[in-house]
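Please go over the structures that come below.
You will see chain A twice below: alongside chain B first, and alongside chain C after that.
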Partner chain A sequence: MPIHEKSLIRPENLITHEELVIDEVNVSGHWSTFIQPRVVTDYDERLQEEIAALPGGENIHRCWQCGSCTNSCTVNAINPDFNPRYWIYLIRLGMKEELVRDKEIIWQCVSCNKCTYACPRDVNPEGVMKATARWLELKGYTEKKPSAIFDEEFSAQVFAKGRIEEGRLLQRFFARTRQKLLQDWLVELARRLFSRLPLMLMMKLGWASLFHPRTRGWRKARAAIADYVAECEAMERQVLGLNGKGPSS
Partner chain B sequence: MTNRPVAYYPGCALEGTGHAYHRSTKELANALGLGLVELENWNCCGAMEVKNIDPKLQTYLSARNLAISEKMGFETVMAPCNGCYHNLKKAEYDLTHDKTSQEVVERLSKKAGHAAYRAGSVRTLHVLEWLKEAIGEEGLKARVKNSLKGLKVANYYGCMYTRPRHIFPEKDKGPGSESTSKPHFMDDLLAAAGAENVEYPLKTACCGGAHTLSDSDTSTKLVLNLLTTAEACGADVIATECPTCHSGLEMHQVRAEKVLGRKTTVKILYFTQLLGMALGLSARKVGVHENISDSRALLKARGLG
Partner chain C sequence: MSSAPILVVGGGPAGLTAAHALASVGQPVVLVDKADRLGGAPILSGYAKLVPSGEWARDAIGGMVRRVEQNPLVNVHRNTTVAAFEGEPGRFRARLSNGQEIEPAAAILCTGFTHFDSVNKPEWGFGTYPDVVTTTQVEQMLSSGRGVHCPSDGREPERVAILLCVGSRDRQIGREWCSKICCTVSANIAMEIREALPRCQVYIYYMDIRTFGLYEDKYYWASQEEYRVKYIKARIAEVTSDGKRLIVKGEDTLVKRPITIPFDLVVHAIGMDPNVDNVLLAATFGVKLEPHGHIARAPTYSAMGGTSRPGVFVAGAATGPETIDDSIAQAQAAAMAALAFAQGGLARAAE
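Then we have the complex of A and B:
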């Protein structure tokens, strides 16, 4: 029986007794907390397999729980609940309900690859984070996160034109995430910059957002990429058993 | 020392927010007499986004650029952006070691109507590696007209120049090679130009660039930490070698001030701007006025630009 450390010590699973004496030993109060007996039966045996089938998750089975990923993690240093080692553990055991509890933070991985650098087992924890975030989305546990929307907008521009244009990307991203484009700090930033940029350069940048830069002869590449993307999506849906149901990507 | 022209891959960022890097890189090459030929008809490398749609598509995007370099007859392609550099190196690694990646790239290249890139035919260099190789510290020293003497610099390399380690087989090879845990190529070049590099423990820490807009609070915290640490180390300037890092630092310096009320005064400059001014180019020529972080007064006080 594996140890499910966190789930056992959650407040709802703890019992403290105001007054309790067992075998003449006084065990009252908070210092001797009891853990509610609990039998875990809801293992999802396909969880690891499903995550391993998504891009980035392939090597999850290699993890030996050394904790180097979490120890080196950029986001963990800001938020201790961001814990790649723990999530990999849950996935490998099939503890889906526990994993889903953290659905609002897993997407926050910043892809710094500190974990990949530190991992002694070639797990590619960064990839596992991305695969897990994608799994949560495809399975319908979370709505599309801002980072996924950004990835989509960015990639759509690359696939369509071969190149991106930052102004338009910004505009589309803020529109889709329902944020106002003129964030105070962005306005401040523009004010500082435009007070000293020469007119020519400003015109050049403005020009780029009107006439999207593009790669010549991209048409065939665009078609090839579109076919490939469709192929990948179909494969993912099949592995996750989503054909005909669930949210579309 | 070799100074055969190399293929130059600027990437999307250098045509937009990273324009000052584009400009200063070209001016610097010019001043050093090094030839750059822009990669014809290049495409975006996919940055940190396309891989989240599918990593093999990202491999294809870089393979297409490498194939162009091969077709143009260049054996070296040079990229100033960490993201572009990282993706070219990653494609090279995957095409050397992974059969499925090879198959996908061959299939897509065929459909797109161009020759598939053959692993091993083109060498990818970061602008730092290229300058170290083509001109070196001694060569640079001999050309310095306006020493950066007294300028205290924190060298910031970010994530993608050194991580993940396996895609950079030439690094960590002992004396003379670049280190992935404590990179020093930028430090070496700036020191040769007279700068006083400070001991900066966050050289390869992350600025949160991947989520700079989608999770800006996290990025602001990470950047603020980079800035305050640089100040605590006594730096006047943070030198950057990546357009994403650079604009991340600049943007979130303003955001930290506006949103968190935390003002920092350390300036942010591309290392190519600093080297250019050391060679006697004007601040304007290397695009200092295009930076959001306004370092003109500092540079003037130090007799630079």
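Then we have the complex of A and C:
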């Protein structure tokens, strides 16, 4: 069959023989180009089980492939390769290699939850995207993304003090992601804030950023939360078959 | 009340309902069935738990059979067909294959359907590989208590494929209709398999899922959500074997990719064909068939339960693929129409 749209085919699946004679006809070079079929030869139930065990992925088995998530998706409108419906299908059938191919697109979900409100089966596709990004990270396919680092900083502050303090959060986040602290937009934001905020509030903010106060009675809550988080993390690692610390594949 | 009986042909869910309805208002009935037992497909083919009641067929339909057999107003003839049916409204004469002659006031055809014979789709392996079975066979495995197993060696399957629309929606074999119940029955069977064999994965290959009305969440959604049955959009091209397991080939249309997947057991969700007797029945009773070969109905809005011949009525799967619930409702309606016809005939005779 002639190949009209070579661009749609992955280069590794295009096969050309330098020297090939079939039935005495010389079809060397591009005359012999053919596409390696990408046959599905087995189903693997474990991938769905793993994603379903991560927070957000619980309802993935409900998906009936209607495509409402993809059609409503903010990111898909910009990048047609961002396709939650398709990834959900790959996960459900256990097509891991295919999924991992898109590892640099999957995490780009902006958590707008448009898909969540469009999904007729309450799959919570946004949660599935989150779980999938987490899976890729835990399995060591992707390094930690800026959004994950931001989340970590955010949670770390909450765990420590029972509250967050924006200035410090941004400062830590920029430091860890090696971005300069005095971003133009941030300077502008601060300038406008200070010209408008009431005096009392500003004083409170200033005091808080100097002394990092803790929420009252936080100690107990903190211990309980720490336990819970440790428990969840251990559970995640266990379902993914990961032992010890740090990502592995 | 007329003393002339009403002839009911076929003792499945529809015929049993019509006979009971008529007898319950004092109308004598002659019930004729060619099989050696009453009950129709659910009993003759040994269905397991019915959709949507969840009752065992032998209990639910068995109860309908007893109710009719114990009714003195119903005269049951098993192993019997109708050899001739002649005359005019008010003066019908019927001769049964056992030689008996009756003069019925009206007749109701409840002659049902014939299961599609999967041998007519040889590419799907039925008749070639023992582990390719039909939904009827799985129903029998469940109802007999033997459990779902691979007929070749009796092992419990670890992976089951159910192929939908086998013998339906297929112009290649002249069957353009949807058999209506097989999606729901397949979802039900899939759940039963998952319940009995939790380690066994069940995959349903579909073109569309037609679990209509209230069957949607009860069967389609529940099978996915509670029983983790997987639905794959593909019409299978062929079923072969690698010597150990069955190999199912097709195209997964959602990822546009060929599939070659090993399975232990492949189940054909067989459709409902017109009764093989329909041409004969049409000739005997002088009624028309509709283009697919089912018994043609008079306009539903004005003559529910009617056929092309006044005085001859029809109900159930004889008219096309029907569920048991709908067959029962139609039979009740046809009984009412037949009774009105019989009494109208009496009135005409009295004038």
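Just so it is clear, the second predicted complex is superposed on the first by the 181 of 249 C-alpha atoms of A that agree within 3 Å, B and C clash if a C-alpha of one lies under 4 Å from a C-alpha of the other, contacts with A are read in each partner's own complex, and residues count from 1 in each chain.
We take it that a contact is a pair of C-beta atoms (placed from the backbone, for glycine too) under 8 Å apart; a residue touches a chain by one contact, two chains touch by 3 or more.
Just so you know, these numbers come straight off a predicted model, no measurement behind them.
Visitor: After lining up the shared chain so the two structures overlap, which partner does A:Val229 touch, if you call chain B first and chain C second: first, second, both or neither?
Guide: Only chain B is touched by A:Val229; chain C is not.
Visitor: If we overlay the two complexes on their shared chain A, which of chain B and chain C does A:Trp218 touch? Say first, second, both or neither.
Guide: It touches chain B, and chain C stays clear.
Visitor: By the touch definition at the top of the document, which applies to A:Pro37: first (chain B), second (chain C), both, or neither?
Guide: Touch partner of A:Pro37: chain C, not chain B.
Visitor: Once chain A of both complexes is superposed, is A:Trp64 in touch with chain B (first), chain C (second), both, or neither?
Guide: Touch status of A:Trp64: second partner only.
Visitor: Thinking of the overlay built on chain A, is A:Ile164 touched by chain B (first), by chain C (second), by both, or by neither?
Guide: In the superposition, A:Ile164 touches chain B alone.
Visitor: Name the chain, either chain B or chain C, that contacts more residues of chain A.
Guide: Of chain B and chain C, B contacts more residues of chain A.
Visitor: Report for A:Glu97: first if it touches chain B alone, second if chain C alone, otherwise both or neither.
Guide: So A:Glu97 meets neither chain B nor chain C here.
Visitor: Scan A:Asp81 for contacts with chain B and chain C and give back first, second, both or neither.
Guide: So A:Asp81 meets neither chain B nor chain C here.
Visitor: Which partner chains sit in contact with A:Glu143 here, chain B, chain C, both or neither? Use first/second/both/neither.
Guide: neither
Visitor: Which positions of chain A sit in both the chain B and the chain C interface?
Guide: After superposing on chain A, no chain A residue contacts both chain B and chain C.
Visitor: List the residues on chain C that touch chain A in their complex, please.
Guide: Where chain C meets chain A, its residues are 159, 201, 203, 221, 224-225, 228, 230-233, 252, 254-255, 257-262.
Visitor: In their shared complex, at which residues does chain A touch chain B?
Guide: Against chain B, chain A makes touches at 55-56, 74-75, 78, 108, 110-114, 116-117, 124, 127, 130, 134, 145-152, 154-155, 157-158, 162-167, 170, 173, 177, 184-185, 188-189, 192-193, 196-198, 201, 205, 208, 213, 215-218, 220-221, 223-225, 227-229, 232.
Visitor: Along chain B, where are the residues that touch chain A in the complex?
Guide: 12-13, 15-17, 19, 41-44, 46-57, 60-61, 64, 104, 107-108, 111-113, 159-160, 162-165, 180, 205-206, 208-211, 213-215, 218-219, 221-222, 250-251, 254-255, 258-259, 289-290, 292, 294
Visitor: Inside the complex, what are the residues of chain A that reach chain C?
Guide: Per the stated touch rule, the residues are 37-43, 45, 61-62, 64-65, 86, 89-90, 92-93, 95, 98, 121.
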